[in-house]
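For reference, chains read A, B and C in written order, and residue numbers begin at 1 within each chain.
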Amino acid sequence: MSRISDWYIMGAIALAGLAGPLLLPGLATQIAFLWLMVVFALTWDMLGGRMGYNSFGNIVFFGIGCYAAAVVQRDAGLPYFEALALGLLAGAVCAVLAAVVFGAAMLGIRGHYFAIGTLGLGIAAGEVAAGWDYVGAGSGMALPLYPGELGQRELFFCYSLFALAAICFLCCRAVYATRFGLALNAIRDDHDKADAMGLRTTPIKIFAWALSAFFLALSGGLAANMIGFIDPRDVAFAGATFGVWMVLMAILGGKGTLWGPVLGAFVFHVTQELFWTWLLGWQRVALGLLIVIIVVFFPQGIMGWLAERRARAEAGT
Amino acid sequence: MMRHLVSGLLLGAMLAFSGPAGAEEPGTIRLGAAVSLTGKYSSNGAFTRNGYDLAVKRINEEGGVTVAGKPYRLEIVYYDDESTPARGAQLVERLIRQDGVKYLLGPYSSGLTEAIAPVTEKYGVPMVEANGAAISLFRKGYRYLFAVLSTTDQYLRGAVELAAAVNEDPSKLRVAMAFENDPFSQDVREGVMEDAAKHGMNIVIDDKLPPELNDMSATLSKAKVLKPDLLLVSGHDKGAALAVRQVADQRLDLPMMALTHCDSAQIAEKFGAAAEYTLCAAQWASTLKYEDALFGSASDYAALYEETYNHTAPYQAAESSAAVQVFADAFERAGSLEPDAVRDALSETDIMTFYGPIKFDETGKNVSKPTVLFQVQDGKYVVVYPQEFAEAEFRWPTPSWSER
Amino acid sequence: MLDNLSLFVQYPPLAFDVVLNGLLIGAIFALAAYGMALVWGVLNIVNVVQGELVVLGGYVTFVAVQWGMPPLLGLPLSAAAMFCVGWLIYRAVIFRVVDRDIFISILATFGLSILIQQLANALFGSDVRTVDADLGSVHLFDGMVTLAGIKLLAFALALGAGGALWFFLRKARLGQAIRATAQDPRAARILGIDTDRVFAMTYALNAALCGAAGSLAVMAWTIHPYLGLPYTVRSFMVVVVAGVGNVAGVIAAGLGLGALENVAGFVFGVEFQIAFVFALMVIILVWRNAMATRKRSHLE
């Protein structure tokens, strides 16, 4: 893909992102969820695709973002937007700290042990939140109502999440082009060689996880306000839904590529919305089937499949 | 290549999102509902849906509702919220904004109602709900929320009162509680705590059961040595089944045990003798003496329900049917289909149904219907509390396992 | 927390009761974990659908009892039925992911687990199901210690199955083929072992073990369609602690986990029981890694 067409696509998406909610106000929330999914897929790919660390526990940072925002908004006694901003900031700080602490402990674990360890981390976090009375325990937390006019709320969250997704994308794009991005790939391709070449792998890995935690926490704070109610297991630390979806979307689109996660999020979200509408009561069966089909038949994702096809076409000519 | 793909996807997305919308046909009133058809609440979600469908069917058979002289049929648009609040709020917004639904029926469970209420409030869409009665819902000043059932904190208060009545000195009573860690059960707990404190009872166990847990032996081991006079358990169907099962396995002697959801968990049918003497809190029972013109008496409703769906009518279905009746009544009295007019008519509801009297206070909860307590006696659910509905004496204390 | 601990001091038999009941719970985990260790060792697959196989096994017994079978007969029936289900799953999906990256197999089996959950929900409803095997319970210390008969049976059976499995892997022809394939599939193929068949048998055997565990679970506790994950995760933990090819280790780790979990639920309160289990898993993984790193640096 040439640089020029890259810019065209970004421009087209930006235009669609800005105009979409205005043209189709009824879909604002679904579009907002789409951007949320894009953030999920991009942040997961930082570790999973770029660095070869398949995490099932990234949802922890999303949950931390949800709860930090909710607690600040409940206790700060500030007007809505000030409290929201403060809550987002608090969430980001907490999540980055958590990423540093967990990262220092867990990023030494390799392969599937890391995958399952992070899965355990995600579930444990949800259960702790569900037992902790300060954050509402199992009853969850309700967030304050958005103060603006009717219909403004959806637009506000739609645009905020769009902005977040865009910044996250541009950040990934910039980061992957640096030496740091290459170091991530080196760790993925051969960890021991990367060590031997003198790369300080541990701080690099921790930094990457902290970066993805930062964006996830911001998305968590916004999503919690958009949904309006956080349940510890089903919304904030929803490992079995959001937590797995992020992995699937990245794989579906093509992990380790820049556009793959974005594309995967689009396809996945749209398909899912279709399932919900047309397969009442059977949508989860369809989702399960979809997962199996994706990973069994398209393990390289759409981008990988495209690249293969192009390679074959070029070889043919 | 890439560009085509992306723009194609965008177009697809726009088309897909518009969903099965459509203009409202003349003579049809569309109600919307997001209920749990899959996920952990799916059996109670199905009861909710059955209850709604049965009422709509009956009302349409009787000629529908007449609003300002014109007859209308009722119709319900369903979505599946998968038992998760994240989906619930999203789907309700979809019902309102894309499917153009102007009146909503509630979901199953307090957690989902919590998630949905801010949305309906925001759009000024009246919602009559039958399966989410956490007391916190009615402290938020929602104007468009109406609940036909008694609030959740009422469920096991009866059991505490009953214990206080049969024991000589309530302040010596030792109470053990094991409540699931979800909004519903924690709300039940709040009511119990309040009443127990009023009588000066001692709370000796206060456990929160995780939803995934399928073993209560840690809690029951404590009960073995602390010997409570009253064990209270609430954890939807699973909690009820588990409590009956494991108390019998452990042969734990309890003078009195009270649960929620034991009729929908069918403990008398499934556990036989082990379920004897258990008290069950319920919103409604088919033996109660309520009636209305649409369904007849409570037992007529139960018979019709059983004939239609081949299983006994749980109260979750009964209250759901009543919610539809409340809407039908409000449409007729409002004489208009304006959501605000319907809302005002709803707030003045004062009707008698097979499910019980329905009259809302200013916060939208039904204040005129009591909850009842069943006891499993000889394999049947028999109402023992409150006094005015009691069909039989309360059998107390439960004999020890060695004597049963 | 402290008052819970003091109960142990006041009533020593109670501690015995909590630990013993935990051991009995652990026996069922161990049974499901044998299968996971086998599949992991031989096919190099982390079988996330393990818990759903357990739940399905429970449903087989439940349905059999509905049709008038004695509950204990449901046990072999569940194992046999699940053996077939396991074979089918292998033929439909698993064989396609055998030699792929382990991460692919985790996701594929996760997809299967969602699928099975939902199908079980559609087929059997989301009601909580249980079967009473009518085995009564054993009481010791004036009723302070109660052991349900079915759990004792589960315990005996888990030990028995462990022994049988060990014997099978050492002595039986197929067992030897399984071990050979686990060590080096290519070499096994050269020596004329039909590795595809070995894989299929191993996976089916795993499903049969899960079926037996599920049958015991439905008699000892309750099941519903969404209960798979706890069994999957616990099997996984047991295997991580015990190592892949170690039957005795699996028993010990399974029992230990059950006991530890029950004690944690008692001491910290049940609301933190699951959090404790998962936090423990993370700690075990971190600790294992630290040990491995230390060993490496010693070698250097």
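The rule is short, and it goes like this: a residue touches a chain if its C-beta (ideal position, glycine included) is under 8 Å from a C-beta of that chain, and two chains touch if they have at least 3 such contacts.
Since we're looking at a predicted model, the values are computed, not measured.
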Problem set entry | Centroid comparison with subunit C (C-alpha atoms), farthest chain | B
For this session: May I ask which two chains are joined by the most contacting C-beta pairs?
Result: A-B
Problem set entry | Approximate Å spacing (C-alpha centroids) for the pair subunit A, subunit C | 32
Problem set entry | Rounded Å distance between subunit B and subunit C, as computed from the means of their C-alpha atoms | 36
For this session: Could you list the positions in subunit A whose residues touch two or more of the other chains?
Result: 127, 130-131, 137-138, 281, 284
Exercise. Which subunit C residues touch at least two other chains?
Worked result: 118, 229, 269, 271, 274
For this session: Can you tell me which residues of subunit B touch two or more of the remaining chains?
Result: 38-39, 181, 208, 210
For this session: Flag every residue of subunit C that touches subunit A in the complex, lowest number first.
Result: 46, 93, 96-97, 100-104, 106-108, 110-119, 122, 229, 233, 236, 240, 269, 271-272, 274-275, 278-279, 281-282, 285-286, 288-290, 293
For this session: Spell out the residues on subunit A that touch subunit B in their complex, using ranges where they run on.
Result: 1, 5, 8-9, 12-13, 16, 20, 24-27, 29-31, 33-34, 127, 130-131, 137-140, 142, 145-146, 150, 153-154, 227-231, 233-235, 238, 241, 259, 263, 266-267, 269-270, 273-274, 276-278, 280-281, 283-284, 306, 310
Problem set entry | Partner subunit A, residues of subunit B touching it in the complex | 1-3, 5-7, 9-10, 12-14, 16-20, 37-39, 78-80, 82-86, 89-91, 93-94, 97-98, 111, 114-115, 118-119, 121-123, 134, 136, 140, 180-183, 185-187, 208, 210-211
Exercise. Any idea which subunit A residues touch subunit C in the complex?
Worked result: 54, 105-106, 108-117, 119-121, 123-124, 127-128, 130-131, 137-138, 240, 244, 247-248, 251, 281-282, 284-285, 287-292, 294-296, 299
Problem set entry | Of all residues in subunit B, those that touch subunit C in their complex | 38-43, 46, 178, 181, 207-210, 212-219, 221-222, 224-226, 237-238, 241-242, 245-246, 249-252, 265-266, 270-271, 274
